[in-house]
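Here is the structure we will look at.
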């Protein structure tokens, strides 16, 4: 059973989504990962959405670049929350993917994250937040993780000061 | 008890958020609505986040324009999903609000919607989708609503053809 | 039998597509016009693509705004040329629709036109150019139309000079 | 006899257009390739358009960067479909070439593709789609190619899963 | 004899170019004004460039919107300085016209002005500056005009202070 | 004696700067207001900078649109803090003024505010903050003003809730 | 005692802020440097603002990338001048950080500098200008530094001419 | 005696301006080259403008990046044509320099070229075109150069075809 179904539009996006997988693993959230394209394999995309729903997916994550329609196509075929990760590309720097993901019409929201790896990581965190609404153990892990993050900021501050002192 | 806590950065955003309120009412989802500013009333914003959590809010919606930090500030103080609605303004047309809302750092996601009224409506729909994960009745209403939407598209197509025939 | 199948993403786009219809009528090219949404009525969109192909459509035109996926979805389900017309909207001025339409991935082209009414008119002209490749009569009409266009430019120049002289 | 006439604005664009040539060769579509500039060799551009038409070209492809006028100039001198490929450059990332190519005035459409190599490949696919309208054998090849594309997506998905399993 | 040849891409640009005409008249510089389109009347555009050169034009001004190729086409057919005025339009606000005008390839410069009416006025001033290089009387008029401009700034400052005092 | 010297690039910017004047008056900070252009009255601009310094100006505010050089020119001729207010204009919506104001080279900072009226108001607040560093009474007024702002947010929230209850 | 409190949103910004530290050291202005995040360590950020104020900070500098809220959060909790340095990142090239920093709402200004290292250096210069208002020695150093800068420009001009002569 | 006075805002722009120098040398046009900054050495900039005018400069060229005010400052102090070359920089890719250069106010035009090296080369060509208006020998050289350019395009086309044949 997978609680989160992740789709990427092309295997060139696998680098970007890596961090999302690692975070879900850290939180112990089962997930599936598939390459599928809104345009090159539209039927497969639909089949994967239906299969994921049957296998218990509560949240979808879709990462794609350029005219990034993948998240939108998934959102058109499910009533579960769909998280979109726009992927940067050369030229327009990801503005194309960002606008294609976020500017969805009324009635079919895509929960859009930041561009690239940061957005992929945050897609995982948001999925955990959503699943945590009905899972106290997950919520506790999230809470500890937030504290660790704040502590890490403090550590890096100390390290920087240390480094400057020695320089 | 409010399941969704809505914040707007200024009362000039109340027009934009209207539709979100109407949709939540239609779905029978209890919500609260407050004006609070990330910058002009930062302490109040924190107090409202804590109060909303105590009163049972599972999802936050924050709408703001320009350097739209409201959703980000809320997200920094809760582990619940936070939905951001960037509001258009003259000049940069909302690109400022969109980027300020969506480009959140790793660890603190804001689920970003489309600009303006469309985004406000979709924030409500996404909140319903999230709450629907553990509420079968809400899920059923969503499902019927999707069918109505598709039917409405068909109706408007028929109406358009009719209008052209007469013209 | 319709040689061109036109889809618009919402009846609010009917104003934009008007000129395309008028031009196809002027050239005597039979066409169909339907409202259908990539996101709100995805199944209907597929059905319409299949029906149009059966009824002899050689070219598709799809006009949509914001995260304009309609042309892309059509292109994913047909091997016929698909012409996309990005529609302006408030805020980002149509840059979202333009990038969502044009930045298609390898293998699934969308022939993208200018924004708005100009693009809608040109979608019709391009459809006529494509159909004209195997229709000498249509080609002749196009040729005459080009000459008329050039003559109209000359007329407007004369009118302007006349107006300035009198002023 | 060449069915497709390809023009590039400068030999620095030859890398970008490569893929278009390869695809046309794969589909067995005869084409010509010439360097010509809308601005530095305007007369030559006109001569090449006329020659290409005489030699049977049904479709034009023009790739250029910056103030990319090449496709527009070709479109002003032919009634055949003209496909424009905007080429990225440093600085503005190709937004200049994209807007210069796509924002054509009413009456003279340029069928605009995505930026760079993706757009060049898609220019070839669109040319094949247009030629396929009156060439059943070409249509069959296109149809098989689409299936291969979908299969390739599935393969890359399997490969990714395999790779993750081993890691 | 016209020293400056002005072309506008469409009669809808006549409003924008008005101010350029008025300024040239004020400076006593003879000019011609024609509507001609790079795309809809390419042959006419060439004819007009040649005729203008024969009639003594030393400077060209071309105003156009969207994929504004008019100045570039003129520059490709003359060795005289060509001044381009990008015209705003709805949607992209003139960024398309600006980039299409300014990003010319090496060897064929277009002297680009600000967007719209300001740019049209400045095109006239620049033409006067260029003609003034070999016309001392014109140079004197320019010099006086600059002083008047500075005086006008001072006047408006006084008027503003006066207005505030009374308020 | 004026503690703040305000310059606007044209009397069409007087509307924008209004609010800055009102705020400085409310805080009892003496200021001067002059129209002067970096380009049309460069000598006057220099004279005004020198005069303002002599008359005790500690902070400069400069508001201008388009290629907004006014603040930069002032900053090049003083060592006092210079606050720049970019003014929106049609077309590019003020992005031109914003970038021209903020992207100053190393060594000559311009303290850039938000676009338009909001930025003008904030220029006044920042001037008060800077002057307040050595003026405890001003600091107290600022402090009370901040509290009033927070209270105003709370009032508008109450008013909105009231309005919704009645609706 | 620190007169300037510098915050960076992540230790990856320490490279950017380096130059600001060096300049403050050159001018003999005591400062503190801490890593703290508006979103990952919001409580720490508040504590640091309060501590800095107690320890005598007169000016704050905050550097951050993407949805750069750090300067805004600091500005919401102090009445001292806050200088924001937007940091570039891949993809949108810093436009996100620039708009998130500069487009602050009325009442809570952030004095925004240029992107990246240039902006960091200028944040230090602006801090020195502000502190110099009540510190004649600092003002003198600034004045000499400006002269050195002008002399350095002249030197580089000579060096360039020299280099060209030899080439 | 220098007919063209070239200014660059910093020695880091010397690479960009190189090509302009080479072209002016090829055409035998005497020019001067100086580094001077609108902001860091404003007095020097004025002195250089006056000196250049005395020494016979008929055209100014100014290249600068970011908030590129150099050309504008020069234009404010001369009645000769001023050509601006916006220089790309990291982050915003030169859009800042382009808008700062081109969006000049009414009355003070800057003749703006393309970004970077292409624009620098074209600044030289435009200077030659302007000087050529009263110098038939220069005009002849320009005319031959245009023919060479067209021939070079043809050569590169032949070379490309040759290369493809061999591959």
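Letters are used for the chains, namely A, B, C, D, E, F, G and H, taken in the order the chains are written, and counting of residues starts over at 1 for each.
Operating definition for what follows: a residue touches a chain if its C-beta (ideal position, glycine included) is under 8 Å from a C-beta of that chain, and two chains touch if they have at least 3 such contacts.
Please read these numbers as outputs of a predicted model, since none were measured by experiment.
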Given subunit A and subunit F, the chains that contact each of them: B, G
Fewest touching-chain hops separating subunit C from subunit E: 1
Residue-number overlap at the subunit D/subunit H interface, same or different (half cut): different
Chain whose Cα centroid lies at the greatest distance from that of subunit E: A
Mean-CA-position distance for subunit C and subunit A (Å): 35
Distance between chain centroids, defined by C-alpha means - subunit A, subunit G (Å): 34
Whole-Å gap between the CA centroids of subunit A and subunit H: 47
In subunit C, residues with contacts to at least two other chains: 10, 37, 40, 66-67, 92-93, 95, 102-105, 107-108, 114-115, 118, 146, 149
Chains grouped in pairs wherever the two touch, ordered by label: A-B, A-C, A-D, A-G, B-C, B-F, B-G, C-D, C-E, D-E, D-H, E-F, E-H, F-G, F-H, G-H
Subunit D contact footprint on subunit A (complex, rising order): 10-11, 14, 21, 33-37, 40-41, 43-44, 66-67, 90-93
Complex contacts: residues of subunit D adjacent to subunit E: 9-10, 37-40, 42, 66-67, 69, 72-73, 75-77, 92, 95-97, 99-105, 107-108
Residues of subunit H that touch subunit E when the two form their complex: 58, 79-81, 83, 98, 102-109, 111-115, 118, 121-123, 125-126, 129-130, 132-134, 139, 142-143, 145-146, 149
Touching residues (chain side subunit D, partner subunit A) in the complex: 88, 93-95, 114-116, 118, 146, 149-150, 152-154, 156-157, 159-161, 164
